[in-house]
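For clarity, chains are labelled A, B, C, D and E in written order, and residue numbers in each chain start from 1.
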């Protein structure tokens, strides 16, 4: 079993990295995970496993990561602070490392009110920033919160998310800087549709030298339809879908909208590759993992280089 | 001098939340719940006595309020406002005004004189009794230690006629018959009002009150049996001419005859009556009342009752007041030299204590009080009973004892007020008050004589 | 102040069902300020409960009384000699009041009629807003006078999250994003640099987890 | 005693509406002997939810509030608050299973007179259709034998 | 202005209400729709609106002149958020004599020192008779006459009080009014001091009433009239020697022939000490002076004062019976300098309603009667006639002087300047809820001394300026020329 993070290795080698996303099933069926693994293996360098995304109960991210790992995929364990207090979070970090999981993405998580457990207590004992810091300290200093030493520190490549499209704009880069100083080694961004704003954000990050301190992976999501574009614009928090994109999707007949979505996605990836400071792409094909291969192929990112 | 006349009054509470002028509109919405709320600062602790009477839908806050407006002026959110209560506005009518009604309630409740601070708030003058003022004496007054002092101001009057003079024989024996008079300690008689649903309880209470006051209650045939037997001597049955003969009430001292026709025939008829000893003859106050009264006096009748309308006017001329009827009758009798041969009683619109001395000054010997003895029982003069509607103060549930106490209280207050007026005038005997028009001031005369010769306006002049 | 809202009447009816004589106890303090348990609300609830009882032919006596404060013994003892005439007390006090009354009169069940909500501010007439968590360790200084724990949906101490949009919170667009306010305030009044470093995890032991918290002021004690 | 049920309504109205005079009041009382209990109020803003509830609790099958037209209140917003309070009370009675229609609030229309008699009759009719108030005539109890509606030891129907 | 002595009248200093929400005739409502654009603030010239922390609000309803406004804010409001109404609270205040308009006008004068310019009727009440039907008449002839005040001097309002020209003080009051008697006990010490302080500033006097002469008044001795009434409460030789004017009170207009009665509740320790009485027990002033049953007795009375204080002016306060003219003449012959007629509509701390309403005649009838009789007797020039009992406005003053008085006494008006609202409950509970006619220490403090004095000064300065305006308009240069000048007034029923 590979003991290193493939994602880390790719990024360190200066190769334009590719990550994809895998949502665990709403059931206890490991095959569903394996099926998605099959679709993404060889396509992406690493695969993120979401942690009860949009606050809907699914197979635990940690378990799904373990399955992926067994299937030969390099998983990125997403962990949200919504559902676990600092004790559970730290213990899961240790567990993940022990299972050979080598990437962790520290997140706040979608608010519980959006999902199917709106009556749940949101824990938010730590926030994502504090969590990053805690994981970094566990790994680098072998200390947990409060300063006690671990018998063996975890081995993890530590990531965080960033949303260049949320407000207040000016503070977004500050927050990126904070995440970096808290311990983030790679950043996966929110889906990019508004390239102008993304460039602006990137420029600010570059100005502060942040792009030199962290690997930024631009997030993309292929649109399935004009309706989805509109939905994402209006209903999904933190999402910025410009009118031009919606127009473009609406401009083609319904049956060809998927194709158009993929085309936009491919174009976006092409643009991202040209940007200084973007070190990779994170493809979040929501419940459409089969499209990932096509997108990456058309974007010229396949096949993935071998590290051996 | 008889034993001093005292009326023992005592607090007798209302049965219902009383209607007062005040209406408070207080909004809770937006209330800041200030640490020291203006409601807590209320000097009269009005807001502490809060309580909704679900039957009347009256909040006790309203009728306890004394209108200082401090809460209105102090609330930081200006959430409290005042308004005149609609129930108060609806009380009574133009003559029996809300003001009069609520003052009667107060007196019936407490037995006390209405007293207030600041000057008189009412209009300059008015119709009827309101167009006269009583006099005062600047330096002379009868008693040395106040009107309630040890020296006695007598409010007693006599019912019955007295001879113009007495004559004595050589031995000093009286040559004329001893005058037959009833001594009444107060120049007031009660009588059953013409309005309201009169129940046996009310009659019973009123009769008791009359007895305790030493005065009479005039009442119709139909009510006699409702009065307790012990009060018989305080009753004054009122009968129609035709039923006169068959309606002698043993034990009564006085009865009243409603006169319909020919004076002489009635006079003859009355001569046949032995019991009761005193008979009052009631005639309406209308045009020519003075002539009719004179005719009765000449025919030898000794008690004449002048009856005006319930709002104190002539029956046939609403522009004329009962006060004018009394005055002209009195003067006519004086002219004829017969004034002392008769007792003049007056009724109609006696609503306030001041109407008693004012009637006396105009020439009456005593007055009948009717509607106020009903209002004393919280009656609102709403007239609902007349329409077959339920009484808002459940008059039928009034207990006789309570009724009596309320009426005694009212009369106690009126008595005290009579003393005030007499005291101010320096008059010590109510009998002396009768016809003392020179000790009164009449608006029409005064106003004209004072103001008729001021500057005259002309075209183009300016008034300010 | 402490805010509260009346419970649904069905729930109240269910709770008082076993009792025949019930005293409704209003509170003139915080819950009166937020129009949940003051004199007026008590009168309304009492009337409604009496009606409900009559409708259902329940032979229930419901009477009302108001205390200035239900969380202080000196006010509660005013019930002495009264409370025993009842089978139960339905309290329109906050949770603190309910328990205080129950503690002083343990023989009578005390039932809450309100849901105690939060510590907050009267934002506008008829609008109350939570703005304090009562965490026992005030951090307002660091956050420009806006509490991220009480006012950020995710209690972020290093926010804002990616859902902040046009100054609004992703969870409820009616709610202003606390972090937007924090950043604005600190921009205005200086101190934005405080946000450059990562704010360490909160010490929640001051808030909960050790049983009821208490404050001891020896200088106030006798 | 006849057991036939006659609806009784409590009618609150602002004294400032032009039709709120004594004559109108007496006319309604005369026509509906006891069935319409009229409560003129200094301003509809004086109306409290408690007034409506207590009326329903004590004697009325329905309670109606008539206010001046929007913008016509002498106290500016009295009618606004009256409406809100009536609505709150309606919610409350609905929550105990009483028909919400037993509380009605009617606002005047600017420039149009408010026919109190008509309103009273309309509401009486509406209440007749809804039926006796289960508060005053609890289940299984024929109208006229209610026990729940006495105050200070006297039956309210003595008055009505 | 006093031409000889150069008397300087006090300054008017704006002195607003003690209460948070002063009551005016109108109310403005700002609905939720207000966008705080500030247009109303720009439009209003009367400081009705204010902007507080970016939110526009109506701060001073009471300054709004309502429908008389020349540029109404509610019409310029771009979102129609403002609406104007008569204030319903205003309608519940006052009575026939002191209409709400008069009350609010008096408050306005007490705050600003000038009559209200718009929106309020400040000249007459609604009693439907007497002053309220009398009008000052400016005849056409005045239009042709050369203005006798063209020399630039203001008409002279001063009144000489000693007209007997005996060896008593020559006293001139700079304004034709002084403060009527209100006893310590019926009003608070703060109220008393406010009145007397104002009297000093205005160059006039103020009477102690019959409740004694509190030490606090000592600094104002020169401006105090002390009263000798039947109860002789607090009357000592020393108090009579302290003052320049001594007033005998025979009767009071509100309760003529009845004497006085201070309820036990109002007999606080301070009052009891002053009156040499027992705390909590009611006090009666009997009626009449039992040593006075004739004019001769009366003369002895006056002589007694002259013996104690030879230079004192003696004023005799009587009410208005039918023979008031005889009483006045009797007083003159007894040696009085001032005959003070207190009409039946005067104020009181507490009196039976029956007395206030019915006994004795209104001052409007008494003054001409007395004036005529004294003139006929040939002694009108030898005695000063002071009228009181229902003088509410500068117009009332002008009218009563034109009917034959030389000057007036005020009482209720002073209290209204202190924000008396005429609720008539001076005697109930803890006394005046507004802290004016009370001895309750807590309520008393509601009226500050400086505040009270300035309010009274302001109001009377407004009266003064109004009277000067009227005299100028009447082309009268000295108030003396107005006395008994009945051509200057007209009664609307007989005009």
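Observations on the model:
In this section, a contact is a pair of C-beta atoms (placed from the backbone, for glycine too) under 8 Å apart; a residue touches a chain by one contact, two chains touch by 3 or more.
What you see is a predicted model; the values in this text were computed from it and never measured.
Touching subunit B and subunit C at once are the following chains: D. Think of each touching pair as a link: the shortest run of links from subunit A to subunit C has 1 of them.
Here the chain-to-chain distance from subunit C to subunit E, counted in touching steps, is 2.
For the pairs B-D and D-E, the larger set of C-beta contacts lies at B-D.
Ranked by how close its C-alpha mean sits to the mean of all protein C-alpha atoms, the top chain is D. Centroid distances from subunit C, each centroid being the mean of CA atoms, peak for B. Using CA-based centroids throughout, the chain positioned farthest away from subunit A is B. Averaged C-alpha coordinates put the centre of subunit C at 35 Å from the centre of subunit D. If each chain is reduced to the centroid of its CA atoms, subunit A and subunit D end up 64 Å from each other. Each chain gets a centre from the mean of its Cα atoms; for subunit A and subunit B, those two points are 97 Å apart.
Among the residues of subunit E, those in touch with two or more other chains are 88.
Within subunit B, residues 28-29, 52, 81, 83-84 each touch two or more of the remaining chains. Contacts with at least two other chains are made by residues 40, 43 of subunit C.
Pairs of chains meeting the touch criterion are A-C, B-C, B-D, B-E, C-D, D-E. Per the touch definition, subunit D reaches subunit B in the complex via residues 10, 12, 15, 20, 22, 25-26, 29-30, 33-34, 39-43, 45-46, 48, 50-51, 54-55, 57-59, 75, 78, 81, 84, 151-152, 154, 156, 158-160.
Against subunit E, in their complex, subunit D makes its touches with residues 43, 71, 74-77. By the touch criterion stated above, subunit C contacts subunit B in their complex at residues 32-33, 35, 38-40, 43, 125-126. Note for the complex: subunit D touches subunit C at residues 48-50, 53-54, 56-57, 88-89, 92-93, 95-98, 134-136, 138-141, 148.
Residues 28-30, 33, 50, 52 of subunit B are the ones touching subunit C in the complex.
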